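Listed after this line are the structures, all set down as structure tokens.
Here chain A shows up in two complexes: once beside chain B, once beside chain C.
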Partner chain A sequence: MIKHVPILLVAIPLLVAFMIPMIGMVNRTARTVIGAIALVMILAISYYIAGDVMLHGKIFYYMVGSSNPEIITEHGLTFPIRIGLKIDPFSLFFILMATTLVFIFYLFSIQYIEENERKNYFTVLFICMVAGMMGLLVANDLFTFFVFLEILSISSAALVAFRTERKHPPYAGYKYMFVSAVATSFFLLGIAFLYAQYGSFNIDYLKEAIRGTLLDKIAIVLLIIPLAMKSGVVPMHMWIPDTYSEAPAPISAMVKLGSLICLYGLFRISFSFGLSHAHVSYPLGVLFIVFGVLSMFVGVTQALVQKDVKRLMAFHAVSQVGYMLLGMGVGLSVVKSGDASFALFGKVAMIGGLLHVINNALYKGLLFLTSGVLVRHFKTRNLDAMNGLAHYDIFTTVVFMIAALAISGIPPFNGFVSKIIIYESVFQYNPVLTLIAIFVSILTLASFVKVFYSAFLGMPSKKRPMEQPVLIKCSMLLLAVFIVAIGIFPQGILKIIIEPAVNALVNF
Partner chain B sequence: MSAIVLYVTFILLLTIGIIALLFKRNLIKIVIAFNILDSGINLFFISLGYRENAMAPIFTLAPFDSVITMVLPTPQALILTNIVIGFATTALMLGVAVLTYRNNNTLDTRKLRGVEEYD
Partner chain C sequence: MKILQVEYLHWAPLFWLGIFIGLAIVVVVIGKLFFRNDYNAVDQQSLPFYSGTSHTLLQLITASSLYWGFKHTLDAYFSIIKRLFISDVEDFMQWFIIIVAIMLLILTGVLL
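Here is the complex of A and B:
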């Protein structure tokens, strides 16, 4: 049974997603419960294999359609074209993050999205999105990766446009779909360039075979730029504010998670195709650093001037991606340099970058969920029209403070841990980059002080306070607990999860 | 010879698609431009597997003499998938374009720009 884990992670959400409309016609409670059960199942499966993969270094291979799916020869495959799946520590790190967070966001959405006949479609698309994410994370060949990337983007675009009766959401959905469609078309072109030369889609095989010629470099650029676009890196970030601000709050959080998973693809492809040759990996690393610094700076300066609470948080999402790219880029640019710099600080920078991925997913998710609560309470997204929530909703105030302090890198919370690791290691590469990162962190704090001041402080309006439903409170509390736990005990997650993931990525 | 024609057509379609994406302001025309781009990429992928004087890759029809070659089946299978994906994308984009028109009474991206209301 355990050998079928990679395909189960994809198959369970896909199967349940298409069962849901039928169940929803009969009973709506059953539909919600079955969706939750599917998410709990993939959560349980991913935690079940975590010990084997992370501690003992077991790597799951799976060839779909083969009579003995685990068998692979030294060339990677017995049959040249098969759908190959693979789980190694690096992808398992993202799988653990995705299954946990998706379950929490689902809990939030049960009571946040109002119950009507369209909730069925919402649940279907939500679980399709989960299937797309899982497929992306376990795919070991480029074409499967492409197909699941499309599943992820189509279902998330439909969800971004979910509130179709309002003025702007359909246009935001159109914009997201358009950006994704063009990006993935060029991704396919990149796959074609590699296939034309090497006749295979398997990432393991291509990693060995790639020669680093000009055509290979064009192909790598065609593969990574669309993924950078889908992750919202700065020159390609124009879709982020509209998409995140017009989507319902749990969907903003889900799209953010989806963009982090595209970041997984970015790292996976650049590290597997770039590592074989130093003349490919160094420019890629520098490109990551440039993208990272641009994203940090442009994102935060745009966020400072926003008056719309969700647009503000969307621009912070752009700025936080920069930290991850900075950490990973420093690692990538020194990994093939041949001296001790990778052991000295490159690996630490990568550990910081990866830790920042999970930290960012946690507190950004929590921030999007609190922004949903704010928008639902005040019936507006304008910060100027909000005031005094702290007078009657202590719970939301406390979780918002935890998330805002974590994103600004204040000590007892998780953002501080990953940011200090990035600062220290990047300082040895280039001190200027650390200065920029610290400066961006201060600006982040400034803009969240603004949100806190205008939405939570001040005289409360006359409206009667609204008690938050229990599942909304539960999901936000879970995220807050994770944030504090990682902030106080970072050694555990660093040793058990992040370090094997970085090792797997470098020796991949 | 015919390969060159295919590649030139691919580059033409790609160029037309990109230029239309960059300069057209109508949401429906953008969908058309995306479709042109997508068919260009499909054509390129298909032409990678094309062989001169080869036959269709149907296993049961394969002749015994190995002189006759077959075209590569893999790109065709993949492009079939991509055509379906392109269909889904187009349908979704047209659907939200219709909704955009219904809510805003325009399809012009210049007039749709800017979200000033906070509902």
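Here is the complex of A and C:
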């Protein structure tokens, strides 16, 4: 049974997504419960294999259509299809993050999305999005990766445009669909360049075969820029505020998670195809650093002047991607330089970058969920029209403070840990980069002080907020607990999850 | 180089958490022992006190008015940013093509 884990992670949500409309017509509670069960199943599967993969270095291979799916060659294939799947520590790190967070976001959405808001459609698309994420994370061939990228994009766009009765969400969904269509078209072109040369889609094979020719470099660019666009890297970021701000809160959090999954693809392809050739990896790493610094600075300065709470948080999402790119970029440019001390701080920078991915997913998710509570209470996204929520809703105030302090890199929350690792290692690469990163953190804090001042402080609002439903509180509490736990006990996650993931990426 | 052990700082969150809880207990104990306990929540003591300004004026300081000095100083920067990113689908396409071109020029060595 355990050998089927890679396909189960995709098949369970996909199957349940197609069952949901029929179940929903019969019984709405059963529909919600079955959706939750599917997410719990993939969560349990991912944690079940975590020990084997992270501690013992086991890698799961799966060839769909083979009589023995663990045989990764074409020998034994009973169908002429070659969908190759693989789970290694790097992909499992993202799988663990995604399965945990989608379950929490689903819990939030159960009581946040009203039944009269076509919840059947919502649940189908939500679970399809999860299937897209899982498929993308386990894909070991570029074409399968492309297919799941499309599934993720289409379901995300539909969810962004979910509230079609309003004016802006369909337009935001259209924008997202356009960006995704452009990105995936170029991605497909990149795949074609590699297939034309090497006759294979398999990432493991291509990694060995690739020679760093002109066509290879063109292919790498055509593969990574679409993923950078989908991750919201400056200057290709403007779809992010438009999209995140129009989607319902749990969907903003899910689309953000989808962007981080695209970042997985960006790192996977860059390190797989670029790392073995220094004349590719060094400039690529430097470009990552440049885009990282641009994303950090442009994102945070644009966030600081926003008065729409969701746009403000969306711009911060852009800014935070910059930290990840900075850490991974330093790693990419020096980790195979041949100098041991360079390689060491490059690896530490990558550890910081990867830890920031999960930290960001947690506090950004919590911030989007709290923004949902704010919007639902004040019936507006305009910070000017909000005031005094702290007088009535202590719970939301406390979890917002935890998330805001975490994103600003204040100890003892998780953001501090990943940021200090990035500062420490990047300082040895170039101190100016660390100074910029610290300056961006200060602006981040200033920006969230503004939100806290506007929405939570001041005179009590005239309207008393309704008590938050229990699942909404539970989901926000879970995220807050993770944020504090990683902040206080970072060594565990660093040793057990992040370091094996970085090792797998470097030695891929 | 050990992770999380910088030259001037050893990250021991439990120690700092202990310090924080200890200080909080000290503040609460001192408060109970020495602070006034005749606080009356029903009169105007419950309202925030803003020194030097009236409540009506303070309510005008909204989120969009905050950091006006920062915004004013960076007016030139923000006008450039606004012009560069108009958030139209054409804008997305344009930036995408520009970045692909720059990356190709750099990676293929034309610009290096």
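One rule holds for everything that comes next: the second predicted complex is superposed on the first by the 494 of 508 C-alpha atoms of A that agree within 3 Å, B and C clash if a C-alpha of one lies under 4 Å from a C-alpha of the other, contacts with A are read in each partner's own complex, and residues count from 1 in each chain.
Following the convention adopted for this analysis, a contact is a pair of C-beta atoms (placed from the backbone, for glycine too) under 8 Å apart; a residue touches a chain by one contact, two chains touch by 3 or more.
Bear in mind the structure is a predicted one, so any value in this text is a computation, not a measurement.
Enquirer: When the two structures are laid over each other on chain A, do chain B and chain C clash or fit?
Expert: Aligned on chain A, chain B and chain C fit with no clash.
Enquirer: Which partner, chain B or chain C, is in contact with more residues of chain A?
Expert: C
Enquirer: Is A:Y195 touching the first partner chain B, the second partner chain C, both, or neither of them?
Expert: first
Enquirer: What is the value, to the nearest 10 degrees, of the angle subtended at the Cα centroid of chain A by the Cα centroids of chain B and chain C?
Expert: Taking chain A as the apex, chain B and chain C sit 120 degrees apart.
Enquirer: Thinking of the overlay built on chain A, is A:G51 touched by chain B (first), by chain C (second), by both, or by neither?
Expert: A:G51 contacts neither chain B nor chain C.
Enquirer: Give one of first, second, both or neither to describe whether A:G173 is in contact with chain B, with chain C, with both, or with none.
Expert: first
Enquirer: Considering only touches as defined above, state whether A:V182 meets chain B (first), chain C (second), both or neither.
Expert: So A:V182 meets both chain B and chain C here.
Enquirer: For A:G492, is the partner it touches chain B (first), chain C (second), both, or none of the two (neither)?
Expert: neither
Enquirer: On the A-aligned overlay, A:A161 touches which partner chain: chain B = first, chain C = second, or both, or neither?
Expert: first
Enquirer: With both complexes superposed on chain A, which partner does A:P21 reach: first (chain B), second (chain C), both or neither?
Expert: A:P21 sits against neither chain B nor chain C.
Enquirer: Considering only the touch criterion stated at the top, classify A:P469 as touching first (chain B), second (chain C), both, or neither.
Expert: Neither chain B nor chain C is touched by A:P469.
Enquirer: Given the touch rule stated above, what does A:E424 touch, chain B (first), chain C (second), both, or neither?
Expert: Touch status of A:E424: second partner only.
Enquirer: Once the two structures sit on chain A together, report how near the CA atoms of chain B get to those of chain C, whole Å.
Expert: Superposed on chain A, the two chains' closest C-alpha atoms are separated by 5 Å.
Enquirer: Would you tell me the residues on chain A in contact with chain B in one complex that are also in contact with chain C in the other?
Expert: In chain A, positions 178, 182, 186, 242 sit in both the chain B and chain C interfaces.
Enquirer: Taking the touch rule as given, give the residues of chain A at its contact with chain C in the complex, in rising order.
Expert: Per the stated touch rule, the residues are 175, 178-179, 182-183, 186, 214, 217-218, 220-222, 224-225, 228-229, 235-239, 241-242, 279-280, 283-284, 287, 298, 301-302, 304-305, 307, 344-345, 348, 351, 383-384, 386-387, 411-412, 417, 420-421, 424-425, 446, 450-451, 453-454, 458-459, 487-491, 494.
Enquirer: Okay, in this complex, where on chain C does chain A touch?
Expert: Within the complex, chain C contacts chain A at residues 1, 3-4, 6, 9, 11, 13-14, 16-17, 48, 55, 58-59, 62-64, 66-67, 70-71, 74, 77-78, 81, 84-87, 89, 91-93, 95-96, 98-100, 103-104, 106-109, 112.
Enquirer: Inside the complex, what are the residues of chain B that reach chain A?
Expert: 21, 27, 30, 34, 37-38, 41, 44-45, 48, 74-75, 78, 81-82, 85, 88-89, 92-93, 96-97, 99-100, 103-104, 112, 115, 117-119
Enquirer: Give every residue of chain A touching chain B within the complex, in rising order.
Expert: Touch residues, chain A against chain B: 81, 143, 147, 150, 154, 157-158, 161, 164-168, 170-171, 173-174, 177-178, 181-182, 185-186, 188-189, 192, 195-196, 242, 245-246, 308, 311, 380-382, 385.
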